[in-house]
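Multiple structures are listed underneath, in structure tokens.
One chain, subunit A, links the two complexes that follow: it is found with subunit B in the first and with subunit C in the second.
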Partner chain A sequence: MEVLTGWWDDFFWGSVVVLKVFLASLVLMVLFGLVGAAAKLSNNRIAQKIAGAYTVIFRGTPEILVILLLYFGSAITLTAIAQIFDPEVKFLDVPPFWAGTIAIALIVGSYATETFRGAFLGVKPGSIEAARALGMSNLQTFIYVRIPEMWRLALPAFGNHMLSLIKDTALISIIGLNETLFVAKQAIGSTGKPFTMYIVVGLIYLGFSTVITLTVMALERYGQRTLRTGT
Partner chain B sequence: MTSPEPLIQMLEVGKHFGTFQALKGINLNVSKGERIVVCGPSGSGKSTMIRCINRLEKHDQGRIIIDGIELTDDLKDLNAVRREVGMVFQSFNLFPHMTILNNLMLAQKLVRKTPKAEARDVAMHYLERVKIPEQAGKYPIQLSGGQQQRVAIARALCMKPEVMLFDEPTSALDPEMINEVLEVMVDLARDGMTMICVTHEMGFARSVADRVIFMDTGEIVEEAEPETFFNAPRNERTKLFLSQILKH
Partner chain C sequence: MSFDLSLIAEALPKMLVGIGLTFQLLILSAILGLILAIGLMLMRISGKWYLSWPAQVYIYVFRGTPILVQIFIVYYGFPQLDFIRDSFLWPIFRDPFGCAIVALTLNTGAYVSEILRGGVLGVDRGVLEAGEALGLSKPQRFIYLTTPIATRLALPAYGNDIISLLKSTALASTITLMDMTGIARTIVAQTYAPYEIFISLAIIYMILTFFIQKLLARIERYLGRYAEREG
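Moving on to the complex of A and B:
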């Protein structure tokens, strides 16, 4: 365990980065998933096609490739634009944090699109008709009836999406984000103890994923309290 | 002497589902305070007809005018019409994720913009009226079918509608629960509520209805006061239908 001395705070800050990426990508993933599902369920052909292409592309390509393409693609574009104004510029990138966060949110969001679409279709049409008959607008029906009934149906699959997100944060180390795996590689370089360092990373991720799993279980219990009989 | 403008006017209303014609040339006027019972075999268009009145279905022929406002695609504020037309469904359709009280308060707050405290008072008032105030904190699944349907009636009443539509409100209920719902409906009728009820509860029709309408294959076949309707029906299809449902 002495080999870890001096690395604890690096792992701690690496974990903080993992948590930040997870939270930011979670928000974006839900957003992409909802927009994607709304587009697929809309009557608009163009919206359907765009959402269809989105899910095909992001579910059909390796995650690590998406991260690399997004990071270097945006860097090349940004550099080219910057060079128009200042030819001295050598390299300009989107910070790895944001490039990585957006990449994994887009990937997992494409899976969430299908989860949300299925869950919206599972909401009983009777509830929606009742809301309409009471004079509620489409937006009010969406917020107060469709969403609260939908998330209960989406939750089991959504739990898996959250686990995917937390694990995908490790991939962002390849574009230089100093999260736990990045820290481990540095530690291995100076201590020559790969097994110990990777085990630490593994335990950190296991800790995060356990919290997520427990949270989903608690949410399921909360969501199902209205589906159980008796008082 | 001119009679007042009817609350609901349907003029030559038609409705298709694909190539199937669900409604054909429906003409119906309902005045304020009138109680109409609509019956007929399944697939006769009776549910479709009342669903057209609050535009859960769009008619594709003729005109429907509610309290002076014609239902068209251009109608800017369909929800203004809908909040005047209460509806009770066969399968209750309470919001499963909300307590009974919240089921009753939601549309009041969102649509009527009623302040929360007042919405709560209104909700409790109508829960008392349907005789289940003690269930306010429960979720729909914890209630019996009859209780759920009474909550659904109370929810519609909370919007203070001009007219109430009932779409086979007792058809999904166990027999011992039918009466508790009918009692609430009779009570409502006594208070002078304008009502259109699709139902096969002929006892209810006899005691409450001003007019009974018989529909078959998308048309109004017969329309009469209950006395005449049950004792001296003119149309053969009505006679056949009545003999079938009143056999036992």
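Moving on to the complex of A and C:
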């Protein structure tokens, strides 16, 4: 444990970065997932095709490749654009934080499109007919009937998507994001204790995963509170 | 900045040299991981706490931490421990290929054991009762009834895990292995053409994913040949 002296605060700030990436990518992932699901459920052939291709591409490509492509690709594009205005510019990049966040949100979002699509299809037709009979508008039906019913169905798979996001954060260290794995590398450089440092990183991620799992379990119980009395 | 096709033509054969290593990683860790998963699953459903608890903890730890951290612990971390350096296993842990196989096996084993457990729990009770009525012993029921039905039930989810495993093999490039991703990263470092190289590599992975899916669909149809006739 003494070898960790002086590194606690670095690991703490590394964890804060993990949390920030997680939250930012969570918002984007839900957005990508919902837009993709809407496209898949729409009557528009082209939208369906695009959303289908989105899922196929990101399901079949290694995460690390997506991250590297987004980071280095955006860097050369940005550099090329910047050089038009100022030939002195040597290198300009999208911060690893955002390149990585967008990359993992795109990856997990491609899975989320299927989760959301399935959940929307799982909403009972009877509920929607009941809403119609009550004179609800389409928007009202969406907000008061579809959403409350679908999130309950989507939750177990959505929990897994959140776990994927938090674990994929570690991959962003490859393009230089200063999260815990990156901190560990620096700590190893000065202490020469790789096993200890990487175990600490593992424990930090295990902690995050545990919190997410417990939260999802609590949400599932909350979601089913009205079902229990009903039957 | 332009999309240079001649560069792709030059890089493709170089990257495809690494496909052998990618396949070795995939197939070896899939087989070893399946063996580990069967062991873990049997421990979990044994009904004995001293067997099911360790299996549960194992699964929890390996599913709750990023695969990249697991790879780093095995490759960079283990050499810090004297008892590993002194053990007969040292030749495995000294070699990045051995480390990648160990880490991928341990990781996929945890996921697959849960998939198998889902399959076993999904077997219809009536079938087992019928077996009991026919005088089959417990091991006989497990081998002749549970195993074939559970295999069929678990196969779709297992297929998804094989695809995840294929994508995880790309992480072997972070511990100096020259699989397809490792070679691509070297080429990008030399040519600085991330779009051309990484996109063409992504397409190779997508084609591999496609064939794995086709193969699994065929196995699924084969295993489901009796079920289809009934329905």
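Heads up, the rule we're going with is that the second predicted complex is superposed on the first by the 228 of 231 C-alpha atoms of A that agree within 3 Å, B and C clash if a C-alpha of one lies under 4 Å from a C-alpha of the other, contacts with A are read in each partner's own complex, and residues count from 1 in each chain.
Here, a residue touches a chain if its C-beta (ideal position, glycine included) is under 8 Å from a C-beta of that chain, and two chains touch if they have at least 3 such contacts.
Note that the structure is predicted; figures quoted are calculated from it, not measured.
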Could you look at A:Gly60 and tell me whether it touches subunit B, subunit C, both or neither (first, second, both, neither)?
second
When the two structures are overlaid on chain A, which partner does A:Lys167 contact: first (subunit B), second (subunit C), both, or neither?
second
With the two structures laid over each other on chain A, which partner does A:Val201 touch: subunit B (first), subunit C (second), both, or neither?
second
Touching A:Gln140 in the superposition: subunit B (first), subunit C (second), both, neither?
first
Quick check for you: in the superposed arrangement, does A:Leu69 touch first (subunit B), second (subunit C), both or neither?
second
Name the chain, either subunit B or subunit C, that contacts more residues of subunit A.
C
Give one of first, second, both or neither to describe whether A:Ser209 is in contact with subunit B, with subunit C, with both, or with none.
second
I'd like to know which partner A:Pro87 touches here: subunit B for first, subunit C for second, both or neither.
neither
Going through subunit A, the residues touched by subunit B and also by subunit C turn out to be none
So in the complex, the part of subunit A that touches subunit B is made up of which residues?
124, 126-127, 129-137, 140, 144-145, 148-149, 152, 225-231
Of all residues in subunit C, those that touch subunit A in their complex:
1, 61, 63-70, 72-73, 76-81, 163, 166-171, 173-174, 181, 184-185, 188, 192, 194-195, 198-199, 201-202, 205-206, 208-210
Which residues of subunit A touch subunit C in the complex?
56-57, 59-66, 68-69, 72-73, 75-77, 80, 163, 167-171, 173-174, 181, 184, 188, 192-199, 201-202, 205-206, 209-210, 213
Residue numbers on subunit B that touch subunit A, as the complex places them:
54, 56, 79-80, 82-83, 85-87, 89, 91-98, 106-107, 110-111, 138-142, 152, 155-156, 159
